[in-house]
Structures are given as structure tokens and as C-alpha cells.
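Look for chain A in each of the two complexes below; its partner is chain B in the first and chain C in the second.
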Partner chain A sequence: METKVLIDEKDNSNWRELKNKLFFGTVVVLATLTISPILLIVYELLVKGLKQINFDFFLKVAPDTFQAMTAVRNGEIIPGGIANGITGTLLMVVVASLIAIPISLLIGIFLYENQGKKYANLIRSLTDILQGVPSVVLGLIAYIWIVQGVTKGFSALAGSVALAIMMLPLIIRSTEETMKMIPISIKEAGAALGVPYHKIILKVMIPSGFSGLMTGILLSISRVLGETAPLMLTTLGSTTVNFNITKPTSAVPLQIWEFYNNPNMIDLVWSSSLFLMAFVLTLNIIAKRISMRFS
Partner chain B sequence: MNDNILQISNPVLSIIGLSISYGEDKYAVNDVSADVKRNAITAIMGPSGCGKSTLLRAINRMHELYPNIHTKGEIKLNGDSIYDMSTTKLRRKIGMVFQRPNPFPTMSIYENVIAGYDLNGSKLKKSEKDEIVESSLTDVGLLDEVKDSLNKKGNFLSGGQQQRLCIARTLAFKPDVILMDEPTSALDPLSTAKIEDLLVELKAHYSIILVTHNMSQAARISDNAMFMYLGELVEYDKTKKMFTNPKDSRTEGYLTGKFG
Partner chain C sequence: MGSEKIIKNLLKASSVIILLIFAGMAYSMIKGAIPAFKEFGLFGFIFSTDWNPTEGKESYGAMPFIAGTVITSLLALIICFPLAFSTSLFISEYYRKTRIATILSTLVDLLAGVPSIVYGLWGFYTIRPLIAELGYSGQGYGIFTSGLILAIMIIPYATSISNEIISMVPTELKEAAYSLGATRMEVIFSVILPSARSGLVAGYILALGRALGETMAVTMLIGNANIIPTGLFSPGNTMASVIANQFGEADGLKLSSLIAIGLLLFAVTAIVNAIGKVIIRKYA
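On to the complex of A and B.
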């Protein structure tokens, strides 16, 4: 009897070990599968893009076809850079943020203050729907509203509006979630000191949730940085550095598209993509850092 | 006039026929009338859900933060209706301390004490602020413990210290009345004892209303005590009298631990 029990236990533990190993192996395989695309992308971008990255890349505008062709023929690196795209992207992100942040904070706080109310739920659903609208459609809307309606031509403003509409649902959601995480007792402390409602929001709630709000804003910015389709329909692009929001303007993703369409400038596709990816990644890391300090 | 309700001359607060409901027909506070003695500690006791917090919050109109709340009746502070003043002014005169310490997490200890002024946009000179902060922290016995870290955030303080910081924040306004809703229920016995001692000291200058469901706390430090049951003020008397000789059988039942 006793020996039988022992053998049974042994079989059992073998089976358990095998199960553990199988499970562990599956996890390793799946993890590798998940991580390999990102590793391959980074590898590809570094190998193909790094050689174009120098001071000129950040300080000069894109070369014309002839300059690029000459360089390629001589086996040199392509002169010029993406200064027009970088400045255009920054300009539009700043303008989009100026539009989107105040509106989203207001709506997010409104949703937080009106939990469970019908109209708040309606607005929350509309926000979700907005998040699902393809970005190219938002580009079309901005084209009709701004390009045709306001600036009478392609403009950075139109691009900013398209990006702002994309940012809205992201910041609204993160604002509401952040506010929910602040203990209600903090709000009560303000009220008990006779602080008026709007000052409690501005001076107590927003500072208390600052990191959370900031994280949401940064993530929404990093989300729209790479948007190409809506910008094609709204800002068109520009070969020069432009800070006039009523004029066509370049942007990094637009330039990537332009470089891609020019056989002589293929190398710039990789360096611009490398830059854009590094930029987005940095913003994401900063956002993570900030939100980690929050919790 | 109800025999079970203590009569007070020159009260700091008069609650007259106060009824409050949260929307349904049920009253959380049902026709409560009582005067509150000046420079004394008045305890409000009663089982959970009997309306203590609701009554307390009505006194500085904090209960208005809830939607659909209905309030009937009148409350007078030194003879003036609390509904005739702005909530900002009212809450300067009637401060409130909560169950859990709730210092502002983004502010330093100094900023927390002066927050009532700063958040309301009062323009005070630095020297005036310093004076208010110092005297408030002294009054709650916290100054020595924090004087080297006034500009640090208060999150390293113990729960008891944080609660004293919150009391200091309330004292900064030099209010007439301080409302406290179970201010020690989240604290350890040592911190609780310190706060109780503090309250006894503070009553020389302030009138304190203390909600507690800790009977021995009420017995230790309060001068007068109210006993509430199902929204009603069942009995209101000098604490000693109520504990030794309760008039209502429900009070007796509660004090002898039959319910609550």
C-alpha cells in the first residue's frame, strides 16, 4: 500500500513539474513574439536612420530633389534635415493643446461632478464615440470648418483643430479618472474652509491631481504626434519653416510621407521615423514617470 | 416644551425645528431643536445612521453639497440666521474637522494652516501669516514637533499629528464654533488621548460640538450631551446627568449597551 502511494505522489509531482515548464515555456514564447516587432522596428530604424542624424538634421529644412539626388549619386549622406517638420509639429501640438486642454479639463471635471446623471452619461458616450472616429474623418471635418471656413486655405490652424479633436476624448477621460482618484475628503476640507466651488476646483483639485492630469495630456500629445492623414487634409505641408498658423505648414509625419514618395530621399524616411519614434517614446516615459510619482 | 431637552441661556447656537431629508420621505434629522452652550464641549451620540453627521453638517451648511437635500427649520449663530450669511463667512465662524485627517496633500504644513486665507484669496502680509501659523500650531501643541519642517508636506506626520494640523487649519480663522465628526475614530489610543486633552484646552476659547459614537469619550470630555435615535433628538442634558440618570428608556438602552 505505502509504496503505491509514494509512486502516485511521484507521478503527480512529475506531471506538475512538466505543467510548470510547459506554462513557463509558453509565456517565454509569447513574450518573445510580443517584443520582437518592437525590437525589429528599433533595430531597423537605428541601422537605416542613424547615419542621417546630425546637427543639420535638426537645423535645416528638407533638401530639394536635386540636392538629394546629387548626394545619393556621390554616395554622401543627404544634406538638410527636417527643421520645417519639427517646428511645424511643435507649433501644431502647442496650438492643439491650447485648444484641447482647457475644453477637456472643463468637460472632464463636469463629468466627475455629475456622476450618474443622464446628461453626463450622454456626454461620456459621445466622448467615447469621438474617440472611435477615424482620424482621417476628423481631418475632413477640420478641412470643412477651418480650411474652407476660416483660413480659406490649408493652414496649421486647421491641422491643430484636427489634432485637438483627437486629443479631447483622451484628456477628458483621464481628467475624470484622475479626479475620481482624489479623496473626496480633500474637497470637503476646502468647502469647510468656505472656499468657493470654482476655487476648490482650481486651487485644490487640479493641483492635487496635477500629475494625473499631466500624464493624460502627455499621452494624448504623444498619441497625435504621429498623425498623418488628418494633416494631409488640413495643413498640406511646407518646404520652409513657418510659424504663421494661417499658412500651410509642415510636420514630421507629413515629411516622412513626402520623403517616402521621393526615391532619392528614402534615407530621410528612416531618420525622420527614428526621430518621431524617439520623441513619442520620450513623452511616454515622462508620462509614466509622472504617474508613478503620483501613486 | 420637551422636558428631556436641556435649556441653555445665551447659547452660541440655536437649532430650531430642524428637519433634513436626502430626497426620500424619510427624515435623516427629524424636527430637532436644541441650544448649544458657549465655551463648552457638546457631544452628539447615537447609533450609526441616526443622523449625527447630517445634523452636524447642517450647522455649517456642508450638507448642501449633497444633491436633492431638503432642509426645514432654522439655525442661529449668536442670534443671526446662518442662512442670512454667505457660506464663506459662515464657515469662517463655524469650522469643521473630519473623521479622517485631510490635510491638503499638495501643500506644506505652513500652507495647510494658512490655507483658509490663501484659498479664499485673502491678502495677508507675510508677518501676519507667520503669526497666525505660529499661534494656531501652538494652540494644537504641534509647533515644537514641526517647527523645523514647516515648508515640508505634511505626509510624514502621524495620523494624530495630521489631525492636529487639520484642527490648526480650522483655528486659523478663530471660529466661534468647531464642529468635529468622530475626529479620533481613525486614530490610535495615544493620539486620541492627546486630541481629547486638546479639546478640553480649546473650549476655553471655542465652542465645540463633537460627534462621537464612543460613549466613554463623550463621558470623559463633554459638558453636555445629545442622544439621537432615528433622526430624533431623544435626550439632551448635562453629560454627567445623562450618564448617571438618563430620562428616556432609549437613552438608557444605548448607554447600557443594549443597542448601537
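On to the complex of A and C.
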């Protein structure tokens, strides 16, 4: 590293001290500015969203425009809720998890078992690149593959596939990292006892890394819960509760988008966003708790 | 012996899925984009500034959206840098391992958990009116508003990588500078920055990769005009936002053009991310 003269010969320490303090002040101000959006967003969601949260909000489907308009005109809260979105989101996340979790665990273990090999490095790099692919592009892919190719129409399955491809790289990398953290002696102890290879993975590696694997899975779910763009291209939305994965289905973020585009339903935008945020953050916190216990 | 073979093959077979996904993505998108490239030519499509869906006079070009994507993302990076860098100095240098640093980094993590559409809503109802008040753009939509929201959205990514890199700077180096009488600021600029430079660059490149593909928040704030932006407060459209925007009523040549834009976006983000990853790997 090049050497730099840090101190001039004449005494300018007062000026340097002042500069130092000014810089520190700037850092504190900018850091405070950086975290202000999250506080403002949560505040705004709470203030504007809480009044619509009631039992109906979770149990009833979205109202039609006329119902909402009447309620707004009479100064009442808007009837109905986001049951179609909640069920749709759960359906799609469950299907996406069923697709993504087994595959990613296997690939993660494969990468761990083949450290330093060329082919494994290629897979790892591709996984990294997959993680950076914009979600809207994955929406296009799921549209071409599933909407055009399989279900011949917008469907929950297409949405699930888009979400599953998003989840893959996250779980793969967290699986590999978790496996790396398990002491190799545990694995060797198993092997020394003559335990067959698949049993070492199933009975030793996966249980001892369980909380790490769980954290990765929960974080990946919390990442895809709020995705809107890929669902716009694949599942379209639905005004009723639907559990048929070959049919168009609603989701909470899709409903937020619909409410946002309908001037009569503005109040519902805030409560459904509040719900979505709370859902995502809760999952995040649970995941962090599990990983803290692990390390 | 038998079971070991089977499970090794199973693991290997599962890894092929990644290859298949990549090959499938490339194949499907290229196939979907070919009608547009055939009609306008590859370079014609990329460099044309026309976006005209009128039947009979259909003409599609990607340039307005490439320009919109590049300008909003770079703007986001410029706004993000001082904020994220200060925050990581705060967390990993000034208040390293203190309670307040933990609180701050938890709050920054929370920023990463906010769904894109919620950023869009917040931007629409809180930031947009403020921008409109400035008087540069009537409704407050445009490049600047989107860039600002994008900056907030990529802050957690930039900050978490900067944190890691800054805390990796050896304490001996810093202590040596302090013992020569350097002030904290001088240590930051003469020791930490030079030795963390390439890591920081990689971190901001990866953050840029995020900004390039962000969809919903930008769609809600950029004004959705299919033109090359004419100024900081001009409306525009990005590659991601035009897909989200125009997909609903798309078929035929228009759908093919949107897929072509998706293909370009895929290529650009893959390249940007690969560059970031290579620099980080060299550094670590």
C-alpha cells in the first residue's frame, strides 16, 4: 500500500480536529436519514391501516367497487377483506415451497460435498446469477413455461413456479453455508461407525443443521411473500377464494395493486399493506431467532 | 456401496436442474423474442426509440427503457452511496459492537424486508407530493422520484456488504495510523477506504444489479412515458416497469418485444452481478 503523509509540518491540528468533528456529525446525520424511511413507512401503515383491520378483513373476500363506494360515501369503513388474497398467497407459497425446498436441499448438499470441483463451482456461479435475476423476468419465464405451456391460462401454478425459482438460490446457498458450519468430526464419526452415506445425510447432517436450514427456508419465504410483479404476469388475480392451482388466483400483493388502482378502495390499500408487512416481518424475526439459537 | 452410489447420483442429478433452468430460460426467452428481433433487427430493436402499439403501424424499440433503467439506477446509486457508506461507518467503525449499532443495523435489515409495492405506495403518497411541491414536475412522477425510492430500496444491500468489508480492515493498520496522530476521519480516508476499496466497489455493483430489475415501486412512480427521459424530473419507463405496465394487453409482436426487453434485462443484470461477484471473490 502506498504511504501517505498524514500530518503536515505546520501545526494545523485545530483545523484537523474540527474537520474530524464535522465529518462525524455528517455520518450521524446521514445514518439517521437512512433509517428514517422504515420508521416513516411503519408509522404511515399503522396510522392509515389499523382502522380497517377487523375480523371481516381476514374472513371475507374483497368488496366490489359499488359496496366500497357506498361505504366511503357514508363515511363507514369499507366492508369485506382480503380472504381471497390471503388464501391465494398461502396456496402459492405452499406449492412453491413444495417445489423449491427438496430440490434446493439436494443441490445445497451437492455443492457442500463437492467443494472446489469445477462442475460444482459452475453450479454455484449459476445459482448466484439466478439470485440476481429480476423477479419480473422470472414472471415472464413462468408465463411462457406454465401459462402458455401447461395450464393454457393464468394460474396459481405459474405463480408458484416463478416464486419457486426465486426461492431456489436462497435456500441452496443457505444450505451449503449451514453444512459448512457443521464440524466435520460429526460426519466422520458416523462414517467410522459404518453408517451408510444416505443415513449420514438424513440422520446426522440434516438434523444437526436443522435450525440453519429452517432459517434459510423461512427467509426465502419471507422474500417471496411480497412479490407482486411476477404474479401480475402469471396468476392475474381473482375475486373469489380459489384453491385450484390451474385457475387464476389472488394474492395479498396483487390485491394491494388492485386496491391502489381503484380510488374507492384506498383505505384497504393501507390495511392490506400493513398485514403484508406484519406477515413478512414476523417470519423474518422468527428466522433470526432460530438462527441466533443456532449460533 | 449401493446406497452411496444412488444418493451421489441423486445429488448430481438435482444439480442438473440448475443447468436446465438456465438453458430453459435462455431458450424460451430467445424463442419468444425472435419475432421482434426479426421484424426490427437486433440492433434496430435495441437502438430504436419508437414505441408505437397502433395496429398496422406497430413499431417497438428498447432504447427509451434502456435509457430509463440506466439513468434511474445510476441516480439511485449516487443517492445511495453517501447514505449507505455513512451508515456502515456508523455501524462498523464509530459504534462498532455497541447496542446502538445493533439497533441501527436491525432497522436497515427491516428496509430489506419491505415489499416493493409498499415502497411504491409510500413513494406515491408521501414522496411524490413533496417532489410535486418542488415544482419541477407537475404530478411529482419521474426519474428523480423513482431514483430516490430505488436508492432507499438498495441501501440495505449496499450497507450490509460495506459493513462486512469495513469490519475486515485489520485493526493493526488503523492503530498504526492512530499512533501517528491521525484523526478518525483521516484513518477512514487514508486507511479504511484504500484497503476496502475493491470490496466496496463490488458491494455497490451488486446493489446496482438490484436497482436495475426493481419493478413495482418504479412502475408506480416513474410516470410511464415511453420516451427517452429529457431531464431529472422527466417521466420515463424502465425495462422492468414497461414489462409490468404493458404486459396486460400484450400479444403477438408486442408480447414478443416485451419478452425481448426481458431478455435484455436478464442479460444486463446477469453481467452486472457476475462482475460484482468476481470482484468480491478476488477480494475475499
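Everything below uses one rule, namely that the second predicted complex is superposed on the first by the 265 of 295 C-alpha atoms of A that agree within 3 Å, B and C clash if a C-alpha of one lies under 4 Å from a C-alpha of the other, contacts with A are read in each partner's own complex, and residues count from 1 in each chain.
Throughout what follows, a residue touches a chain if its C-beta (ideal position, glycine included) is under 8 Å from a C-beta of that chain, and two chains touch if they have at least 3 such contacts.
Because the structure is predicted, anything quoted here is derived from the model rather than measured.
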item: Touching partner for A:Glu188 - first (chain B), second (chain C), both, neither; value: first
item: Which superposed partner A:Leu39 touches (first chain B, second chain C, both, neither); value: second
item: First, second, both or neither for A:Val204, with chain B first and chain C second; value: first
item: Between chain B and chain C, more extensive residue contact with chain A; value: C
item: First, second, both or neither for A:Ala31, with chain B first and chain C second; value: second
item: First (chain B), second (chain C), both or neither touched by A:Ile107; value: second
item: Touching partner for A:Pro196 - first (chain B), second (chain C), both, neither; value: both
item: Those residues of chain A which chain B touches in one complex and chain C touches in the other; value: 196
item: Contacting residues of chain B [partner chain A, same complex]; value: 60, 62, 65, 86-92, 95-96, 98, 100, 102-106, 115-116, 119-121, 166, 169-170, 173
item: Residue numbers on chain A that touch chain B, as the complex places them; value: 183, 185-186, 188-196, 199-200, 203-204, 207-208, 210
item: Parts of chain C lying in touch with chain A, wherever the complex brings them together; value: 3-4, 6-8, 10-12, 14-15, 17-19, 21-22, 24-25, 28-29, 32, 82-84, 86-87, 89-91, 94, 104, 107-111, 113-122, 124-126, 152, 155, 159, 177, 180-186, 188, 190, 194-195, 206, 209-210, 212-216, 219-220, 240, 243-244, 247-248, 258-259, 262, 265-266, 269-270, 272-274, 277
item: Chain A - residues contacting chain C, complex; value: 1-2, 4, 6-7, 16-17, 19-20, 23-24, 26-31, 33-35, 37-41, 44-45, 103, 106-107, 109-111, 113, 119-120, 123, 125-137, 139-141, 144-145, 165, 168, 196-198, 201, 222, 225-229, 232-233, 253, 256-257, 260, 269-270, 273, 276-277, 280-281, 284
